[in-house]
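Below is one structure, written out as structure tokens; comments come after it.
Think of it as A, B, C and D in the order they're written, each chain with its own count starting at 1.
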């Protein structure tokens, strides 16, 4: 039977493109023949803006890149600045930012899973259950730094302010409750035959392809590669912490979902260990000035952000502002294989696959 | 006056208008004034009165369902649902209706104007035709046509035409994909639905909806669970409700076949869908929950209403819980799953009815037991053997492995 | 801990086969020449197992442009930095695309072309990524005036 | 068996149906009689006597009671709190603002030893229409004169309405957030609680209060 190909522009305004993302997709009936991602609708020129701001002011820009994971963005940037200017952070500050980063990972993965299931067509129910948990994390962030999304909590050398007294009981309460909530989510989703049927063996990504395409983060681990920078390149104090790294066996959408879900559990354990190890002290060394002026040089410190390897490549010319600030954005690079992954599958799989990659348009376009 | 005179509520009103001789026994108040030779006038007056009542009841029902669905889904999702307009947000659907009416009516340039306008009308009108034939109570029904089961199945399938028309006429690619999906899905699910309904007819021994209710000693949902499940799933698909809402598929096709509709045309689609939900629930209550039957200390109409709301709540519960299936999986489910299950159901029922044509109480219980055994067996076999093919890929519960240190 | 190779160590790796291509070695990077760079990258990827291209980026050094490659070896847990100077001066900078070696460079190289204006030869789809087609200039250049 | 996962999902949603609601009905919620009595802490008769119309409204569920989301004391709100007696007009805040939205104009005034009175602040406009509430201005202030606020309601129809002029800063009721002001947290100050209202603003929220000698040294002798 001869058929006519249909080319459709999906996005930039579409319910499940997670922001302003556009795909030019060619269908043969329901089957995808070609898909081309078109991005740039949220481009704000963060890298250029960073060249005109002092090192501390750039922290506020990093909040707005991956806006579901501001704390880890802060962390990646601050680590790079510290390496560049040779600042030794104070101990409590590092523990605090590790706690913040792991909480942020839970929040970001909650959003990722929630919207993935939403793309599968569940009428917002799992999403709202997960957002309910994320809300508690955001409240914890509000206690720590007064903001929920755009935190700007970290400073070169640590964090700007110790967490308040009421933070710790709330955090403990959250850590107690969260595993039960996760069990709920697993009951609702993990064994659900519809979800299994929709996600298993769809958009399978092989190990070698994933590495070759610089895919990182949960997506790489779902393909079975044991590469977690917290384990292989322990920045901050991750070497004092023991945690397991969930890996997928097949590398399809279901594995990407499972890996994220289990990483939430591991993050909870990491936060608990941090709580055991944190000790009173200054959160920021006194000698670090408000206006950091690193020597000439360059630095790149990759960290394990919720979306993948996130690193800030900073070049300094000795001034108060970075000479060049490049963001290695995991969302953008993970998108490379979108076309290869979806070809041959159905329309509905396109959105599920896109959701399982877990991109954040703020970070893709910067 | 034909079959409509069987209806108590019709005749009651008619006899209070007409001076027809046969009416005198029905009349309670002696207020009739239309002479016998002009009885067609009283017939028309009565008919218009009931049309008015039924249409308005259906519309009010839709408003109630919109409110109830949003409110209940809100509770399922641990939030409140609409709460700003009126107590408990009761007036929200009214505000919605006003908003929809006053929106700009946009017609896309590429649309096929006539079909574009006709499609929403075709969505709504057939659904109204279901309400008169449903027995709402022991005496409360408007008409009892002898082929009621066939009639409701026929009427409910008209909306696939409307969806196709809407998708085609919009001249929008999202809409046409939605329309084509709808036709494929709705036509497929007609078949398991019809065969399951045949199970009901075999038990009742009649195609009349009143007889179906009268002969349901044990509610069919308990008596023939397999038929009930297949019918429930098939009618969920017929209604385009989650998990079969691929025709609208918000996360894929924006709004499917009604992407380009706005204003009251969109409102009619909305109305038609919700009314179809109400009508289908009424059919399910009639077929599988023994309609208005129940202990007599409560009026039969109340029984019917309670069961009705319960079935609608099941649909809402499904919507709050399940993700959507993919188009090929939906087609497989219809042809490789429900079709066979409904055939097994009808086969077993037919055999049993052939053995016990007029079952006594104990025999009925035995038949129920056999039906449940068949139900579990066939679901088990279906899950084991058919489900790998059903979904297009072999599904197996999986867990993660952990990286070695 | 991922070992970040020093410039001299990178030189040791490359010295045997690509001695002529090393232009300069810095504290923690090696600058190589643009021609036959693909051979060098293939050697690093296949023989030396630097299989993950962490990031490709570019710097406007005012006198010239340079492209910076961060490579990581998942097996050896090492990372290194390779730089390529895109010719002398600011006119028409060009480098060879590494997409044939690493698919991961595809979008990053398009982004560099878009924002920094460095042309990548043999890239399968060399067009602007973030900005629109008719945009004039390359915003990350230091001489860009909006 | 096929379908167990679906049933598990159905029961999970059912469990949540019976569980508590987690949304808050900001800015007010409509309550019935019971909720109204609970809020006003009155008996029905007292309520009827004091607010008869509200009483009848509450019978049909139309009575409104205010409801605020919980808010941390460090919340970085939009209404900046500015203490003029501490401000020297150094414009550190303006310099450190990543967006450059603080506008300061000063004129030299009669110099005396009092802190902050060597310059008169003529203009101190904060354009919060462009503010991103990073709080760097507060962090930069060497004299603890600027604090983040604790409010968040400033919807406006005109962009001009989004600029906080100096007069408004002067007159505003001070409910500063404790962001970057640990001294306030030490005193257990909570911005939105009336019990914690502080009368003497001179003492609160500054690192150390300079002595008169220091002030004389700094503001009189050095010039």
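Definition applied: a residue touches a chain if its C-beta (ideal position, glycine included) is under 8 Å from a C-beta of that chain, and two chains touch if they have at least 3 such contacts.
The structure displayed is predicted, hence computed values, not measured ones.
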| item | value |
| --- | --- |
| Centroid comparison with chain D (C-alpha atoms), farthest chain | B |
| Pair joined by more contacting C-beta pairs (A-C or A-B) | A-B |
| Chain centre separation in whole Å, for chain D relative to chain C (CA means) | 49 |
| Centroid distance [mean C-alpha coordinates] between chain C and chain B, Å | 63 |
| Cα-centroid distance, chain A relative to chain C, in whole angstrom | 25 |
| Mean-CA-position distance for chain B and chain A (Å) | 44 |
| Chain B residues counted as touching two or more neighbouring chains | 76-79, 320-322, 387 |
| Junction residues of chain A - those touching two or more other chains | 125, 129, 132, 188, 190-196 |
| Chain D, residues touching no fewer than two other chains | 2-3, 6, 9, 12-13, 16, 22 |
| Chains that touch, pairwise | A-B, A-C, A-D, B-D |
| Partner chain A, residues of chain D touching it in the complex | 2-6, 8-9, 11-13, 15-16, 22, 70-76, 96, 98, 132-136, 139-140, 148, 177-180, 182, 185 |
| Partner chain B, residues of chain D touching it in the complex | 1-3, 6, 9-10, 12-14, 16-17, 19-23, 25, 29-30, 32, 60-62 |
| Chain A residues touching chain D - in the complex, by the definition given at the top | 53-54, 56-57, 59-61, 63, 125, 129, 132, 135, 139, 142-147, 150, 152, 160-162, 164-165, 184, 187-196, 290 |
| Chain D-facing residues of chain B, complex | 72, 75-80, 83-84, 86-88, 317, 320-322, 379-380, 382-384, 387 |
| Residues of chain B defined as touching chain A within the complex | 73, 76-79, 173-174, 177, 181, 242-243, 245-246, 249-254, 319-329, 387, 390-404 |
